[in-house]
Amino acid sequence: MTESPVKLTAEDGPDQPPATPELEDLYRGFEKELLVPLWTRIGDLMPQQPVSKAQPHRWEWKHLVELAARSGELVPVGRGGERRAIALANPSLGGRPYATPTLWAAIQYLMPGEDAPEHRHTQNAFRFVVEGSGVWTVVEGDAVPMRRGDFLPQAGMNWHAHHNAAEQPMAWIDGLDIPFQYDVESQFFDFGRAVLPDAERTTPARSRSERLWGHPGLVPVSQFKVSAGSPLLCYRWADTDAALTDQLELGDSYTVEPGHAVVRYTNPTTAGDVLPTIRVQFHRIAKGVETAPRRETGSSVYQVFDGAGRVTVGDFSWSVQRGDLFVVPSWMPLAVVSEASGSDSDSGALDLFQFSDAPIFSKLNLFREEVAR
Amino acid sequence: MTESPVKLTAEDGPDQPPATPELEDLYRGFEKELLVPLWTRIGDLMPQQPVSKAQPHRWEWKHLVELAARSGELVPVGRGGERRAIALANPSLGGRPYATPTLWAAIQYLMPGEDAPEHRHTQNAFRFVVEGSGVWTVVEGDAVPMRRGDFLPQAGMNWHAHHNAAEQPMAWIDGLDIPFQYDVESQFFDFGRAVLPDAERTTPARSRSERLWGHPGLVPVSQFKVSAGSPLLCYRWADTDAALTDQLELGDSYTVEPGHAVVRYTNPTTAGDVLPTIRVQFHRIAKGVETAPRRETGSSVYQVFDGAGRVTVGDFSWSVQRGDLFVVPSWMPLAVVSEASGSDSDSGALDLFQFSDAPIFSKLNLFREEVAR
Amino acid sequence: MTESPVKLTAEDGPDQPPATPELEDLYRGFEKELLVPLWTRIGDLMPQQPVSKAQPHRWEWKHLVELAARSGELVPVGRGGERRAIALANPSLGGRPYATPTLWAAIQYLMPGEDAPEHRHTQNAFRFVVEGSGVWTVVEGDAVPMRRGDFLPQAGMNWHAHHNAAEQPMAWIDGLDIPFQYDVESQFFDFGRAVLPDAERTTPARSRSERLWGHPGLVPVSQFKVSAGSPLLCYRWADTDAALTDQLELGDSYTVEPGHAVVRYTNPTTAGDVLPTIRVQFHRIAKGVETAPRRETGSSVYQVFDGAGRVTVGDFSWSVQRGDLFVVPSWMPLAVVSEASGSDSDSGALDLFQFSDAPIFSKLNLFREEVAR
Amino acid sequence: MTESPVKLTAEDGPDQPPATPELEDLYRGFEKELLVPLWTRIGDLMPQQPVSKAQPHRWEWKHLVELAARSGELVPVGRGGERRAIALANPSLGGRPYATPTLWAAIQYLMPGEDAPEHRHTQNAFRFVVEGSGVWTVVEGDAVPMRRGDFLPQAGMNWHAHHNAAEQPMAWIDGLDIPFQYDVESQFFDFGRAVLPDAERTTPARSRSERLWGHPGLVPVSQFKVSAGSPLLCYRWADTDAALTDQLELGDSYTVEPGHAVVRYTNPTTAGDVLPTIRVQFHRIAKGVETAPRRETGSSVYQVFDGAGRVTVGDFSWSVQRGDLFVVPSWMPLAVVSEASGSDSDSGALDLFQFSDAPIFSKLNLFREEVAR
């Protein structure tokens, strides 16, 4: 007979019944029938507030880029491995490539002339470019250029490939809901063409999607239908930068707190989050500003786009600069101080790109947030 | 005894019962009790398809502007009359200032230095500028400049005023749902300040609303909430023009029909129509293109923004040029031919601004459309 | 030349400009070009609050039934006239068969063995039965029996017919949005079969729709899809009565005000109003209770189902009893006193059936209500 | 220095790069920086279709009840342990009390006179009664009796307690989204009163919630607002049974397949699923009917309510009878044969209660289903 995976003892927690022979006998019965009593597990399963399995952590961009560049030399990209993407593995999540319990974040790297083969999957994805340019993402035949500051959402089940049309390598970050979909078991994945035909390896300055959907408040009548993921495949840095600049200039009545502007990327067919499971926002924190500690259900990954500062998440605190990534687990408070550094932009502001799993919580009536003022 | 407003005879329609003395007696009973039998009225009340009370009609811009300019000399603007607005009166609607059974359209005119006093109302409104500049609309303290090609939605119950800061008069068109709200009896109207304080009579190049909401796909997190009317108070011509140019260049797979691009103005908090009762769209019809006859439930008002052409609505047909307005009653087919004229833009395209009552029909499950191909 | 329907004078309202020859000349220009200035009409078109074209009025059931019965003898029912329905004509609405500016209400009457022919139309409709039984409404092949207290919604474009399978005539009321659809011009109407085949002239005790959709909180998975009108074709009196009894018994925390219970009929596929344009509610006012004056945008028609009372609408006041109908125009306050009468039910409560155009206002962001406490 | 949780080798999967010293060096760099390359993990993380971590399994009711009864003798119920609930532990989920990766299912047991203390939590929950009666669930002061066939939803953050007012013990099943909320880390939990006051330990035959919300298609106007979880706290067996009987009698056009009726429990304020994360349905499969194999993303737990049959899930197959529970993991096909047994109801139908995590998939655009016909 196979051994039961269930193991029970009367010492499993506080407030347990006395460990009599009858109780032992009962617990052996539970094990045999694959049963676990609530009273031995409730503290772990139903805590009084979220206690994350993940730990706050920071990754330094300089190490990521260096390792990615060495991968570019040593590891080919192609069918099977699919992408030269190197994922952040939260130290508390058992060595799995999970930045948080629900989110995947990786640096992707493509050498000059290389192609990442076409595929599609239910996992919702995006790219964000902290430096460089020269790669085009081709989505359903639409070639989208990637440049510093651009955000490219990629909702589930769109065919997509990448090709590097430049003379130098390019790195960027990928965000996906891989851990979430792994947990709930919703994944489908299809392989497409290993190499795109030349007709699709074009390098236009603007994608078709931007020409149709990139004009503020205007939708193309012939294409309009509600879709779960955004049909706009690139949100350009110039727009994001202008929106942040405008918001800060309008003053404290229009920012989330004094000196702290935030914009959210939205789907122009729903006005909701840009991806069904992932919320994406951009923060600009003026020089010298310290944000109020704030926490919410669900987890986030941040990348420093520009500037420098000091970040505190729960009991952890790090100095961060351009390209560095850090994670904020569920219900842990985050506070940020924007610290000017000599090498930064004139404004001295700290620019932070953020993605989180908030849509999962919002749509399922589980979202909570709290600000300490 | 008061005479009954009800008058019945057995000859009221086809298929009527024989006009016996007993029937006459019954009909006198109906009149006395304020009753009307369906069988005498069904053909009128429940037609087999919409038979509009309105008639297609065109107004020529040159006459409108001339009469508006003379009003500028003769009629003051101020509290009571509220606006120097002159409305289109559909010839079939009994002399009432209704462009269609549900929509009001007017030319508004403001002399240099003049102010239109502040008020607010449940009627949803907008301005559209076919020529000129120099007037600012002030909405809840936010001064919005108006220039050729700009579209300014003004959802119900926002406080608003206008002031002309230029050296010359300015004319534009106003669209409202006055006839609809008159029919259903939903109107509220409040007077505000007769003259705005100087602090609100500023002339910024961009409004606060544009700085917060005018960046494509980006929403200001501190301001975000679903609202029935758009928080973006001006949709600039440069954006509309670019969207139309892009759509036509992408080709026939992306236009509503070959050579005919259409964009719709949307509310960035809902992705739905820009106003709760009014749909607003912009058409560009390439030189030489003839659109397929198309009809829909509900009525529209069009204004020629640029170019020239020939318009056919049911049995009516007119040549139109810049500034001319025309109405399309419910379920009457519209077809347009874009005809280049010497004095027009290089492209020779016909640009048409359109507003309609389509949201009323869509939200109440009454929208139908039909294209003859 | 045709005479213009537009007629303007400088005496059209208060605050008018002085009637100079130049102004007269301008006004002749407006008339010629079919234009009407706002300043001559604003007081009427944009009042400070709704001023209804309709007047409160009551119709006594005994007169309605008597006239309907005489129609049964004199007027055949069949193709063309379609229904032996006699509509309430509000005395202030020019003799048209409109109970309110948006709503139609009629008594319908069918003699033993008679059929009302099949048709369908965009107008949303319902039947409500204040007395009698014996008629079946056949909707898309589903025969639905009608009995005292039953409410039968009939959303737009369902095929429907009636047949009286009893030995005696039957009367009931029909409610439709005919005036509203006449105003906005959305109407389509199709004739069906003049006589239903015997296979559809069945007389089951329960309809198919009730068997699929009439179980509380339960939906049939194979049939479930969101639809604008309710798929449940009859809401039985036993359920309505029980809901009202329960609500009153639970006490004042659960009623809209002390002694005044209200239930609303809903569409089980949306949880919204039972018809796209018509809200339907049932009120029970305990003996001796006087309701607080309450007004809302939009209009209502009420029918007394049981009990007796005194109704006040604006400046009008009437005693009402079983079957009597009355209308409440937009923004006029309604107050009701429930007065026990000897011939009534034991409880002495006043039961009122109500239908209104509230969904039009709610969906278009125009609904307001006010209670005087 | 702490050892890294990341462990990488070049043999981690197919299509790996050659295991050179340089690659080994790179992998040590990844481990040090807490990074995991996609190419070593993609097959596991992004499978071509869902490969469930869970295994199909069946639990026999007779064993569950027997062990629950012994727990009733040995284990007290009270503050701390909170509930005498014994959960199904899927044999492939590591001994954790998870029926599926997202769902918890347990048998709860209460002795005569016992109370389960009041608490509330974000986890969405329900009770379903396969046999017995005598326990009341008290929700926000509303005492709801539980009897065979009743389904009691309990949306997140309602205060609730139980008390057994009968002379004998009672068992029922609890379903919750504990594993899902554990994974995404959304849990909050508050303790309430250890013992309810006598005023709330009443034993009414119907709850307040049923009196307000239990009438088909009727909502109480004073209480109506959209809420994420159903305000109707009990769906009675008589209604469910009648809905299933009606659906089967109407014939194959109205069932999901011949001889297989399904009803879904819905929230009367939204017409959507009865709980934000849990879909609940009831199946009746006529005697002798074999259902077509069907699979969907997400997992389900079934309990046999009546009848007997043979169930096949992927490669597993079991005979089942009253009270038995079984789980269907994501994307595994389920087929059922209804087999009459001597001891069953006259109809010989197989009645199955089902709950699943389908709302999570539907709301996040991840739901797929497939039927083999």
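Labels A, B, C and D are assigned to the chains in the order they are written; within every chain, residues are numbered from 1.
Rule of thumb we're sticking to: a residue touches a chain if its C-beta (ideal position, glycine included) is under 8 Å from a C-beta of that chain, and two chains touch if they have at least 3 such contacts.
Here the structure is a predicted model, which means the values were calculated and not measured.
S.K.: Can you name the chains that touch chain B as well as chain C?
M.R.: none
S.K.: Nearest whole angstrom, what separates the Cα centre of chain B from the Cα centre of chain D?
M.R.: 53
S.K.: I'd like to verify one number: the distance from the centre of chain A to the centre of chain B, where each centre is the average of its C-alpha atoms, in whole angstrom.
M.R.: Computed from C-alpha means, the inter-chain centre distance equals 44 Å.
S.K.: Identify all positions of chain B at which a residue touches two or more other chains, and write them in rising order.
M.R.: None at all.
S.K.: Run through the chains and report each pair that touches.
M.R.: Inter-chain contacts occur between A-B, A-D, B-C, C-D.
S.K.: Can you check the complex and tell me which residues of chain B touch chain C?
M.R.: 4-7, 14-17, 20, 22-23, 26, 29-30, 33-39, 41-42, 45-53, 57, 59, 63-64, 67, 70-71, 74-76, 79-91, 93-97, 101-102, 106, 121-123, 155-156, 178, 180-190, 228-229, 276-277, 297-299, 329-331, 357, 359-361, 363-366, 368
S.K.: Within the complex, which stretch of chain B touches chain A?
M.R.: 208, 211-224, 226, 230, 232, 235, 239-240, 242-243, 246-247, 249-250, 254-256, 261-271, 274, 281
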